[in-house]
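Here the chain labels run A, B and C in written order, and each chain numbers its own residues starting at 1.
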């Protein structure tokens, strides 16, 4: 294992390279552009034996991914923001056709207004495509989760596509120290992808055939069972990864939650700042903990309930917004408790949209608001926006 | 006891290599066993426009993912920026400012900040770094940083230059070393 | 009972032959052998590939012909008539 300093996009590209994909169709978009640049560099330098397909749009990129994956190739791509929106139609098809394509994402806001900075709207809005979703806190996780995603997605019990999100700029453009796993160990961990059925001119068959009303629901049910099964497979793969490479991954990663009255749920890079904030608040005797979700799909609902059921308040932080409702994560966490008679109060904080920096003070404010909620014994304002500048409204 | 986390802000113009300077300094600190982050100001870069880049290092693993608002020191690659932007913004009390300038450090006054100067442009031109119209001063200024701040060694900076600079590695190392020797503060 | 497959893959090549589409037809093409010059334009244009080439001239496969009428429309010698299907 070698330790080097690289940017987030290079980390996901390196994770892809170590996973030895056969085909990489990609269309560059800020902040993920460095990913296809690095892949083409690796291929040109003879460090990587893969076919790079330069396509004319993200829709074509995902179409090429589907075709190549159906032929039995290991396939990956990268995108962000509007690019993912343009892919959306084909993303449903990749999942429905049960093709284990892996995508590196630089999580970026959606226009309008046009914005190149970080939030999770691009991938959260694709949560119903049937893709597995992983979110990295740092570049090391970006690299490791790429390798892990291939192994989970290609598992015969799963066979679904998956994406690994790294936050725009905060990770994609930030240099951090990263342990590079040994290629030999990665090869042992992730053997060649060998699907039982694939497109082959010598043995013709139909992929993506018609699903009439008497069968469509059953196809969807089977697909949903597979992503539910992925929950178990992810645990196995995380355990195997730890054994092989020494680094531990969990679907949810709690920090100082054992005796916490307030538990703050986060995803992505702000999870690190959350820990720093918890440390600062703990010094002042505040009973607060935080927990990051590394896996968002399949949703780790049971794990979240087990962790948070004894807290007084769960403060959910959403770097996304479902207009007319609230944050996506909030709705899903709340739904986990709906049939239990006693549960913590649950509040939602919309934070860090379009690259607004998420600060230690923000976590302190959220803690204070949560304690207010505890005192009142009820939630007056379920969805609140943090750091909102009223003066410009 | 010395504070463990240390943050640096670089000011330059697009194309002068401020981002690479932050990258090299982070890589050098990493070689000395620190955990590091280096990042550009998040956004779009245009050649010639004022840009900033940041470096954060710590003896412990860094959890913090915020941008840098209160740097411990500021490095200025282009002296013309002094008239355009407030380079001392957020600088911690007793912080250090390293300026690429042919003037003496005593000719600058920035409150309680300690000022160091180095004629990095002259050194960059001597070693043929960048074009004559646009010398690349980022490696020379890092030599000055090493001398002025003293928390990243010149040897580590030379090693990092060998790793992160694509061309004229030896010339860049020499420029850093020469700046290190010549840096003066008030 | 037919079981669903992974990702709706159909492993049996050419299985669409099992689904005869001839009963979709309203109009039926009738080839007039006297007028036919065996130019094979109908054969080339049939979107279903259900006109066969024989020494005797083109022959429609009524098991699959959907009665679209493209053959009749394209025939330069007006040798194909679309007539109402009798059922």
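Rule of thumb we're sticking to: a contact is a pair of C-beta atoms (placed from the backbone, for glycine too) under 8 Å apart; a residue touches a chain by one contact, two chains touch by 3 or more.
Since the model is a prediction, treat every value here as computed from it, not as a measurement.
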{"item": "Lowest number of touching-chain links that must be crossed from subunit B to subunit C", "value": "2"}
{"item": "Chain of greatest Cα-centre distance to subunit A", "value": "C"}
{"item": "Cα-centroid distance, subunit B relative to subunit C, in whole angstrom", "value": "77"}
{"item": "Subunit A and subunit B, separation of their C-alpha mean positions in angstrom", "value": "35"}
{"item": "Distance from subunit C to subunit A - Cα centre to Cα centre, in angstrom", "value": "51"}
{"item": "Complex contact set, residues of subunit A against subunit B", "value": "3, 5, 116-117, 137, 168-170, 173-177, 269-270, 272-273, 275-276, 279, 355, 357-360"}
{"item": "Residues of subunit B defined as touching subunit A within the complex", "value": "22-23, 26-27, 30, 35-40, 42-44, 62-67"}
{"item": "Residues of subunit C touching subunit A in the complex", "value": "4, 6-15"}
{"item": "Residue ranges of subunit A in contact with subunit C within the complex", "value": "96-99, 159, 197, 203-211, 215, 218-219, 222"}
